Structures are given as structure tokens and as C-alpha cells.
């Protein structure tokens, strides 16, 4: 399941570039026109970088999750496919955000898709914990802390939805707040968590 | 052969998202227009989810099939490539169904493509059984039950073809009946089947 | 090198479907119009199947070639990348042939690209033989027979080029003659070849 | 990390072909028109070959880098994702260069993207050296020589930027000078470097 999921992430991340269209120029050799068009494409470049970072972060978490499993059951395979479906879907909201950066609905669709991935991450974690699939099942406090760490981006993405209707730039910037928050949560890590996570 | 096939499935599943086009808006920042366009794209989202589930289901079956093989012969490699050809083809009928959900012919092409995959699944199973390629060759009753389980989606997809000319929504919904039917068949599993399948 | 090449083949084969465009219909729910458009797309479907079979055949040969190597040198890695470049390029002539099946030049470009892959196959084989990279280096007669088997498709593809200017259908059909010819060559296999190839 | 990065390279290299569009012909069976259109596409073919060679060269270097690691830390995983982001981005400047070969800005964007990859290569190398992640940590002179070898393409790509405003063809040709320069640097290899790199 690890190799299959890794291939999934690699493909979803490389497909992101397909969303940045090579522009049509009227004068192919005009530096000014190309510069202008690339400047208009700024939203596409920003969405590419954001999505690459977002999927990359999920890959790191998912890879280490899979590596900690001692066994896999049918339920986990099914849930993992649902999780991967949301990962595979991300190039679409990325393209939407890239083309319509100032449209609040683009931000909402993007935030919703990412929140769904984080939600499924928690579902996978919970299933593996309940069914005893971890090689070293984490104790309750470590488990709860892990769930909180997984859910923290959801909060920021959900909160960015009303903000998007005020300013899409502000909403996108608010996603960055998830980084210091995760660092803050990481400091509250139970002392023995490293043995399990 | 397992790693090669797994990569195939991962790519075919991530390519499905390419079929959902980022819409062209006249007013890039209009929430109303984007909402309308995304609503028109509903067929694309439904086909994406259906195809992801369909290919995911085939991946689970094919992965466990490959894992049960003790040897691989030239014939199986050739048949496996034919099987993978139908898997690799699925993004096309998915795109067709996504764009023309109300067109009976889209449903027919889709149902035909999926039925072909199931058909090839049975051919692969039969070849491996005849040539003694399984590590633990299943006895006759288990083999027959496995073939019946593989063929059951074919029946639903073939039956949906005439239904598509009455209502495409009804035809697509009829595919869902394959799920309770497979659960029903699964209950008739021979007692010792788990040792072989 | 084996895993990297396998991933290459898997991606090139799944990308072929991207060349089959979902048609634009004026009446989305018209069975007649969709049937007509799909019929016009016949060339695309034929090229998809041909290219899938062609790349699949090269994959089988390349996979078994890599599996017989005991060592890999820098030269082989470089030549392998050139070989993979021609494999990665194949979706383009496939798309060309699919859209302009009756254009002799499409057939010429396609035949040239495939002949280049076969040519590189021989170059790889020769390099591995000269540098002693095979686990069991084949004796001279087996080596010569292997080269002949690799080159035989080149002959058919090169001969089809003038034929394309008479009839493109005839030229494409002439490629099929490579199959009986390869079976004929296979019968002349040196008795001890199986130990090496 | 090796398998994940390899998949990345394989996908980025095969995606390059997507940038070569199948042309639209007014007369589908006209050899003259297709020849003319393919001739206009010359820039696309050249960019495809250049990018394939460039990414292939980085793959060889990155693959052997990963194979020399004894351990991986969180920082290296993060930096590796940044490196892969630039690799995944390359199909875009390739498409730009393919379509607007005579536009100096295309050359600038392309040269900048490739220089960024080389820069990240040095960053990865330095991180692994500082944190002692290599199985056999190279001594100072070997390390410095390796950094110089990695940075040498950057110099040529950066120098080509002003040249692009004189002649884009000249700028692209100047990239080829990196090859003899790298061979020249390779001759200055410290005697014991092969034990470490």
C-alpha cells in the first residue's frame, strides 16, 4: 500500500504543472507581451507552489503513517482509496485557484478539498488505532495529540472560507498561520510520542 | 508484474482529474458565475468519483490476484497487458460520461469499457488456474465462485445498456445494485475459500 | 534502472489515452451525433491500440533485458535514457496518426519513431554484450539471432514508409506482418538460446 | 525517498511530450501542410530533447546522491521536496521555450528554472554533508570539487541570460558549452573521489 500511495502522490504533484497553461501570444518574440502574460499567470504559479507544499506535507505524514503499520485490513485499503481520491482531485481546485485567484468560490473549493484530505487523515489514523494495526500502538495521550495535529489545518482552512468573501488574498495568507500553529502544537508533544509517531 | 500494474492503476486513477476541465469564466471574480459553471460540471464530478471507485475496486482485486501467483508465464504477461489497456482506456469513457451525462451512448460506452475490464479479469483468472500459476491452486468450487463474483458486475453493466435509452440517471444508479449483489454472492462463499483467494 | 524504466513505460502507456480527445457536441444528448463523432474518432482508437501493443511489446523485451544484466555502467544508463526518450516521445506520433490517419506523413513519422526505438534496443543489447554486463553473456550465434529479432520490426516499419504514399491503411496493415515474421524468426532460435535470453 | 524521487523524474520526463501539441490541419490528408506544421514545431522538438537530456542528467546525479546516503532527516526530506518542485515545474518552461523559441524571455525563464535545480542540488549536497548523512562522508577537497561540478551548469545558464537578448539560438547553444566544461572539471577530480561520489 506504501508504494502504491507514494506513486499516487508523485503523480498528483507532477500533474499540478499541467494546470499552468503555456500562454498564447500574438507576437511570439515580444518580451513585453510574454512578461505581461506571465505576470497575469502569477496566480497559477502561487497555486502551484501552495499545492505542491500542501500535497508534499500530506505525503510526509502519510508515508510515515504507512511505515508505522504492522498490518493492513480491507477497511484500511478502502479508506486509503477515499483518501487518495481527494489527493488525486487536488489538481482541479489548484487549477481553479490559479485561474480565478480573486474569486472567493475558488478559495472555498480549495479550502474544502484540503480540509477533506485532513479529515480523511484523521479517519485513517483512527481506524488503524481502533483495529490495532500499528506496530507500536500509541497510548491515549499520544493518539489524541496526533489527532489534534492532523485536525489543526482543517480549522484554518474552514476559518478561511468566510474570510475569502472579504479578501481572497487574506484568506490564502491565513492558511500560512497553520504553520506556526503546528509548531506550537508540536511543542506540546507528549514526552514519549517519538516512540510511536 | 505487480509493481508495473500498480503504477498503471495509480496513473490511470490520477489522470481521471485531467478530464475535469477548469471552466472559462467571463467575469473571473463572479461567485455566481463560477457556482453555476461548477454546477454544470456536476456530471464530471460524479464520473470522477464513479471511475475512481471502479478502478480502485479493480486495483484491489488485481493486486490480490498478482500476490497469489507463484509464477508468471508469457501468456499471462500478454493477457495482463490487454487487461491494463482497458484500465488505461477508462479515463476516456469517464470524460465522455462527465461531459455528456444525459447521452445514452456515453453510458453505453462506459458500461462496455467496464464490462471489458471485468471480462479480462475472468480471462486472467482462468489462465492462471489452467496453467497452474497460483501458489495454492483453488479447488473447483472456489474457482467457480470466484469467476461468478468477477462476472457479476458485467451483468449489471450490460443490463444498464438498454436502461440508458430510458434514463441515463437510472442506468448509472443501476450500477450501484452491483454492490448489494456482490455482498449477497460473498455470503455464498465456500467455507475454505479464504485459504485460496 | 529496472524500476525507473518500468515507471516510464507505465506512464507512456497510460498517457496514450490523453491523445483521444473527448469530442465537442452541439447537442449533448444526441445519440446520433455522438455516434458519428466517435466513428470519426476511429483512427484515434486504432492508434491507441497499436501504440499500446507496440510499447507493451518493447516493455516485455526491455524488462527481460534489464533482468538479465549483472551490472550497469554509465554508458548503459546514458543509452537507456536515449531509448526511454524515444519511448516517451511515442504519444506524439500516436496522436498524429490518430488525428490524421490518411496522411502519409503521419505514418512516416510514426514508423520512424518506432524504428528508432528498435534501433536503440539493438544499441543497448550491443553495449551490454561488448562491456560484458550480462550475467550469462550469450554466445555469438545467440547474440546474432537476438539482434536479428530486434531488427526485424525495423525492416517492416521502414518498408511501410513508401507504401504509406500509396495507401496509409495498407502501410499500417503491413506492420502486422512483423508478427508472423517474428514467429518465423523465433523458430530459428538456437537450441541453447533459452539459457541466455 | 529514492523510489519516490525516481517516480517523480519518470513522470516529469514523460509529461514533456504533452507540451508538443498535435497540430490542427485544414486538409487532414495533405502531406505538404503537415510537413510545414511539423517544421514550425521544430522548437518544440528541440526543447523536448534538451529538457529530456537536462532532467535525465539531474536524475543520474540525484539517484547516485540518494544511493550514497546512510540516513535521511526531516530537513533533507523538506529540501528534497523543494528540489522536486523545480523538477516538476520544468515542463512549463519547456513548453514556453518550445512555443516561443525566439523570445528572449522564454530562454531566461528556462535558464532560471534549470539554474534553480542546480542550486537546490548544491543545497541538498551541503545539508547531507553538514548533518553527516552520507555513508562515507567525502573529505573537504572531494566535497568542494563536487559542489563546483554541480554549480558549473548554473554559470552557463546564468551567462546565457544576457546572451538571449542578442540571439536566443546562441543562448541555447551556449548551454552546450556546459558539457565540455564539465568534462574539463571532471579531469581535475581528486584521486580518491571515486570512493565517495
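The letters A, B, C and D name the chains in turn, as written, and every chain counts its residues from 1.
One rule holds in what follows: a residue touches a chain if its C-beta (ideal position, glycine included) is under 8 Å from a C-beta of that chain, and two chains touch if they have at least 3 such contacts.
Bear in mind the structure is a predicted one, so any value in this text is a computation, not a measurement.
J.: Moving only from a chain to one it touches, give the least number of moves from chain A to chain C.
T.: So the least number of steps between the two chains is 2.
J.: Where each step is a move between two chains that touch, what is the least number of such steps from chain B to chain D?
T.: 2
J.: Tell me whether chain A and chain D, two copies of the same sequence, contact each other through the same residue numbers or different ones, using over half shared as the line for same.
T.: Counting shared over all numbers used gives less than one half: different.
J.: Rounded to the nearest 5 degrees, what is the angle of the rotation that puts chain A onto chain B, matching CA atoms?
T.: 90
J.: Roughly how far is chain B from chain C, going centre to centre by Cα mean, in whole Å?
T.: It comes to 27 Å between the two C-alpha centres.
J.: Give me the residues of chain A that touch two or more other chains.
T.: 3, 7, 11, 15, 18, in rising order.
J.: Report the topology of the inter-chain touch graph, choosing from line, ring, star, complete and other.
T.: Ring.
J.: Mind listing each pair of touching chains for me?
T.: By the stated definition, chains touch in these pairs: A-B, A-D, B-C, C-D.
J.: Touching residues of chain A toward chain B in the complex: what are they?
T.: Contacts found on chain A: 3-4, 7-8, 11-12, 15, 18-19, 77, 81, 84-85, 88-89, 91-92, 95-96, 98-100, 102-106, 109, 165.
J.: Looking at the complex, which residues from chain D come into contact with chain C?
T.: Residue list for chain D touching chain C: 3, 6-7, 9-11, 13-18, 20, 22, 25, 28-31, 34-35, 38, 48-49, 52-53, 56, 59-60, 63.
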